[in-house]
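Please go over the structures that come below.
Each of the next two complexes has chain A plus one other chain: chain B in the first, chain C in the second.
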Partner chain A sequence: MQLDIRDIAKDFGATAALHGVDLTIRSGELIALLGPSGSGKTTLLRIIAGLEFPTRGQVFFGPDDASHRSVQERNVGFVFQHYALFRHMTVYDNIAFGLRVRPSATRPGEAEIRKKVETLLDLVQLPEYGKRFPAQLSGGQRQRIALARALAIEPKVLLLDEPFGALDARVRKDLRRWLRELHDRTGHTTVFVTHDQDEAMELADRVVVMSQGRIEQLGTPDDIYDRPATPFVYDFIGEAFRVPVEVSGGAVLFEGNRLDLPAQGVRDGRATLFVRPENVSLAPPADGLLPAQVEILRRAGARRRAEVALGAGAIRIEADYGAGVEVALKQPVGVAIREAGIFPAA
Partner chain B sequence: MVDTAPAVAPSLAAVPPSRRVAPTTEPRLVRGVLIAITATFLSVFLLFPLGVVFVEAFRNGTAGFLSALADPQAQSAIRLTLLVAAIAVPCNIVFGVAAAWAVAKFEFRGKTLLVSLIDLPFSVSPVVAGLVYVLLLGSNTLIGGWLQESFGLRVIFAVPGIVLATIFVTFPFVARELIPLMEQQGNGDEEAALSLGASGLQTFWRTTLPNVKWALLYGVLLCNARAMGEFGAVAVLSGKLRGQTVTMPLHIELAYNEYASVSAFSVAALLAGLALVTLVVKTFLEWKYADHIAGTGRH
Partner chain C sequence: MPSATFRTPSVIPGFRLAFGFTIAYLAVIVLIPIAGLYVQTFTLDWAELWRILTDRRLLAALQLSFGLSLLAAAFNVVFGLVVAWVLTRYSFPGRRILDAAIDLPFALPTAVAGIALTAIYAPNGIIGQWLAPYGIRIAYTQAGIFIALVFIGLPFIVRTVQPVLEQLDREVEEASATLGASRLRTIFQVVLPTLAPATITGFALAFARAVGEYGSVIFIAGNLPGKTEILPLLIVIRLEEYNYAGAAAIAAIMLTLSFVILVFVNIVHAWSQRRFGHG
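This part shows the complex of A and B:
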C-alpha cells in the first residue's frame, strides 16, 4: 500500500505543528520519521493513522483519498509509545480484540480467532504467553504483544510511535533487528517515529528528517549521513563542527587561506562550513595545509580524537587521526579538510 | 555487663540506638502521644456513640428490636429509603460517568467551572438545597403548578421531591471518584481500541469502563450510603406524611421526638448497620483487589 501525504498542515490553536508536508511512502517500505521533540513527527504519524485530523492537506492510501476516513475505516496497525495494552485483558484477549469487535458479518468464529492469535503469538516468539496479563510481561514482551495485536487486524500499513523508546539499550538492539526481520518477512508498509538517529539509520530503508514541522531531508541512511541537505541535518545527524568561511569567485577561504573544497554553488560572501571529524586529516605543518594548534587530545573507543584551534585560534574543530600521525599537545599542526558541507551564512 | 561487652563492631556501638531509626521516624514518645490522641478521638466521637445506638436498639432485647422494625410505619420508611436510593444512585452513575468522561477526555471552555459546580452540593447546606426546590417546584409556583395541573404530579411533600433532594446531595460522589483516575489514565487505551476497529460504544464498554470499574464501585458505595442517610434536604421536601413520605432518617427523628426511643434506635441501628456493611465491603474489595486497583492507575 503506497501512502501519499500531500501538503499536510496541522495547527494546535495558535501553534503550528506541521507546515505543509509532502511525502510519498512506497509500498512495502520501512520508513523512519526522525527528529527532535516538537518536530511534528508524531503528529504526522497520528494524522496518517486518523487519530488526528490535519488543518489542511490530504492523505492517500494507494489511489484512495483517506483524508475523511475515521481511524477505524483506515485499517492501520498502530503501536503506541507506551503500548496501551488493555490491562484488564489477557495477552490472548488483547490480540483477539481487533477481531472480536468486528461487525458480526465479518467477525471470524472463535476457532478461527484462536488459530490467528496462536499464529501471531508464534510470530512474535511468545507462544506460551497467551494467559498472562500485560502487567506480568517485561517491556520488550509488551512491545511484541502490542505489535501482534496491531497485526491481528491485517492492517494495510503499520505505524509505530517511538517503538523502542521505553526499553533499555540491550533489549532495544535485539528488538530492532527482530522488527527488521519481521518487516522483511511480512512486507507491510511500515512507518515508525524515533528521535534516535542510530535506530533510524540502522532500521529504515529511507529516513525522513524533520524539524519544526517541516521535512528537512528525505533519503536513504547513506544520503542523510554523507550528503546532509541542510545545516540542521548536519548538526542533528552525527557530529559536525562549524567553520565560518568566505566564498569568493568559487574559492573557499578561511582567514585568507584557500581551502581545497568546491563552493558547491554557494554565492560569493560569508558562508559556513560543516566539518565532520572523520573528514579532517592532521599532518606536520606544511604549505597548502591550514595552520592550527593542538588543544586537547582524547581517546574515544577505537578512535583517537584531537581538538585543534584553526588559524588565529578562535575556531576549534575536532579531527579523528590514525596511529601513524604524530600530534602533541600545544604543538602546531597542519589541517586538511577533505570533505565538508557549505551553506550560505544565515 | 557493660564493661565486659566485647569490643566488636565499634562502629555500630558508636551510633546511639536512638539514631539508628529512619530520620523521618519520630521519637517513641511523640508516636505514642499521636496514636493516643487519634484513638481517643475515634473512641469518644465515633465508636462510643455507635455503640450507644446498638445498646439502645436492643434495650428491650432482640424481640423489641424486631418488633420496632416490623412496625408498618418503620416498614414504609425502609421501603421508601430503598426506593429513593434505587432511583438516585443509578441517576448519579449516569451523571457521574458522563461528567467524568467529559472532564477527563475532552478540552472545552468552562471545564474548570463545571468541575467546581460538581462540588457545589458539598459546600451548599442541604437545607438550603431543599428550600430552593420548594421555591421552584412548590404547588403555588409556576413550574410546580403546571406540573400538578397538567400531569397531576406533586413534587414537593411527595416522593419525587425526596428523590430530587437525594440526587442533588449525592451529585458529586461518583464523578469525584472517577475524574482523577480517568484524567490520569488518559486516552491511550481508547485510541488503541479505536485503531483496532472498535466503535465508540465498544470502546466504552470494553476499555473505558473496565479501567475505572473499582473507582466506580467505590463511588457507588459512597453514593448509596449518603443517599440512604440524607436528612437535611429530604426533611425540607418531605412534609413528613407518615407512611408516605417518611424515609429512615426522618422516621428516626419522628420516633425520637415522641420518646419512642427503642423504635428510633432500632431503625438507627439498621441504618448504621448498612453503613458498616458498606465500609466492610469497601475494605474487602480494597484488600482483595489491591493489585488490580493499583494496576488501574498505571501500568
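This part shows the complex of A and C:
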C-alpha cells in the first residue's frame, strides 16, 4: 500500500508542529522518520494513523483519501513506545483483541482466531507465551507481542513510534535486526519514528530527516550520510565541524589559503564548510596544505583521532588518521580537506 | 524462632516495637469495644435474643438499612466513575473548585447535611416544590434516605478511582482504537477492567459508611417505624429506653452482617486484583 502525504500541516494552539509536509512512501518500503524531539516526527506518524487530525492537508492510502477516516477505519498497525499492552489480558487475548472487536459479519470464528494467534506467536518467536500476562514478560518480549497484536488485524501499513526507545542497548540491537528480517518476510509498508540515527541508518530503506516541523532531507541512508542536503543534516547525522570560509570567484578560501574544494554553486561571500573527521588527512606541513597545530590526540574505538587548530588557531576541527602518519602534540601539521559540504553563511 | 517466619530483614529496625504497638492499639481502639458489644449482647438469654432479632420492626429496619446502602453504593459507583472521569480527563474552568467540592460530604457535619437535604427536598423546598404537584415525595420517604446515602458516599468512589484514572496510560486506549475497537468497547473492555479493583474498594467504603450513617439520614427520613426507620436510629431508640442489651443485640447483628459483606467484597477485590491488576 503506497502512502501519500500531501501538504500536511498541524498546529497545536499557536505553535505549529508541522508546516506543509509532502511525502510519498512506496509500497513495501521501510521508512524512518528521524529527528530531534519537537521535530514533528511523532505528530506526522500519529496523523497517518488517524490518532491526530491535521490542520490542513491530506493522507492517501493507495488511491483512497483517508483524511477523514477515523482511526478505527484506517486499519493501521500501530506499535507504541511503551508497548501499551492490555495488562489485564493474557498475551493470547491481547493478540486476539483486534480480531474479536470486528463486527460480527467479518469476525473470524474462535478456531480461526486461535490459528492466527498461534501463527503470530511463532512469527515473533514467543510460541509458548500465550497464557502469560504482559507483566510476566521482559521489555523486548512485550514489544514483540505489541507487534504481533498490531499485525493480527492485517494492517495496510505498520507504524511504529520509537519502538526500541524503552529497551536497553543490546536488546535494541537484536530487535532491530529481527524487525528488518520480519519486514523483509512480511513486506508491510512500514514507517517508524526514531531519534537514534544509527537505528534509522541501519534499518530503513529511506530516511526522512525532520527538524522543526519540516522535512530537511529524504533519501537512502547513503544519501543522507554522504550528501547531506542542509547544514542541519550535517550537524545531526554523524559528526561534522564547522569552518568559516570565504567564497571568491569559485574558489574556497580559509584565512587567505585556497582550499582544493569546489564551491558547489555557492555565491561569492562568507560561507560555512562542514567537515567530517574521516574526510580530513594529516601530513607533515607542506605547500598546498593548511597549516595547523595538533592540540589533542585520542583514541576513539578503532580510530585515532586528532583535534587540530587551523591557521591562526581559533577554529578547531577533528581528523581521523592512520598508523603511518606522524603526529605529535603541540607540533605543526598539514591539513588537507578531501571533501566537505559548503553552505552560505546564515 | 517463630517470629522469623513473618519477619523479613530490613534496614529499618524495630519490628517487635512496631508490631506490639499495632496490636495493642487495635485492641484498645477496635477489638475491645467490639468484644464488649458481643458480651453485652449475650447477657440476654436465647429466647429473649430470638424475640429481639425476629421483631418485625427490626427486620424492616435491617432490610431498609442494608438494602438502601447497597443501592446507594452501587449508584455511586456509576456516577462516581463518571465524575472521576470528567475531573481527570478534561480541563475546564472551575475544575479545581469542583474537585475540592467532592470532599464536602466528608467535611460537613452530617446533621448539617441532613437538614440541608431535608430543606431542599421537603414539599415546600427548592426541589421538592417542583415534584410535589406530581405526587412525588422525597423527604420523609425511602427516596430521601437514598439521596442522603448517595450524598455521603460519593467522595469514596471518586477519591479511590481518581488516582488510578490519572495513572492510566492514554496509549492503551489509543492502541485499542487502532485495533478497531469502538469507543464503548474501549471503555468496557480496556478502561473499566483496569479500574475494577479501585472501584470495588470505593464501593466497600461507601457501603460501610452508608450502613452506619445516622446524622444526615434521620432528618430526611421521617423515621416511621417499619417504613423509614434505619438501624442506627433503632439502636438510639433502644438506648433511650435504657435497654442496653437490646441496643447491643441490634448492633451485634448489624456488625456481623457488615463484616460478612465486607469480607465478601474483599474476596471479590482480591480476585479482581489478580484478574485485572497485572501491571
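We adopt the following convention: the second predicted complex is superposed on the first by the 346 of 346 C-alpha atoms of A that agree within 3 Å, B and C clash if a C-alpha of one lies under 4 Å from a C-alpha of the other, contacts with A are read in each partner's own complex, and residues count from 1 in each chain.
Just so it is clear, a residue touches a chain if its C-beta (ideal position, glycine included) is under 8 Å from a C-beta of that chain, and two chains touch if they have at least 3 such contacts.
Only a predicted model underlies this, so the values are computations on that prediction, with no experimental measurement involved.
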With chain A superposed, do chain B and chain C clash or fit?
clash
Give one of first, second, both or neither to describe whether A:72 is in contact with chain B, with chain C, with both, or with none.
both
Classify the contacts of A:280 with the two partner chains as first (chain B alone), second (chain C alone), both, or neither.
neither
Looking at the overlay, does A:17 come into contact with chain B only (first), chain C only (second), both, or neither?
neither
If you stack the two complexes on chain A, which partner ends up touching A:98: first (chain B), second (chain C), both, or neither?
both
For chain A, give the residues common to its interface with chain B and its interface with chain C.
49, 51, 71-72, 75-78, 80, 82, 84-88, 97-98, 101-102, 134-135, 149-150, 152-153
Under the stated contact criterion, what part of chain A meets chain C in this complex?
49, 51, 71-72, 74-78, 80-82, 84-88, 97-98, 101-102, 133-136, 146, 149-150, 152-153
Taking the touch rule as given, give the residues of chain C at its contact with chain A in the complex, in rising order.
169, 171-172, 174-182, 185, 189-190, 193-194, 275-279
Any idea which chain A residues touch chain B in the complex?
49, 51, 70-72, 75-78, 80, 82, 84-88, 97-98, 101-102, 134-135, 149-150, 152-153
The answer for chain B against chain A in the complex is residues 188-189, 191-199, 202, 206-207, 210-211, 291, 295-296, 299
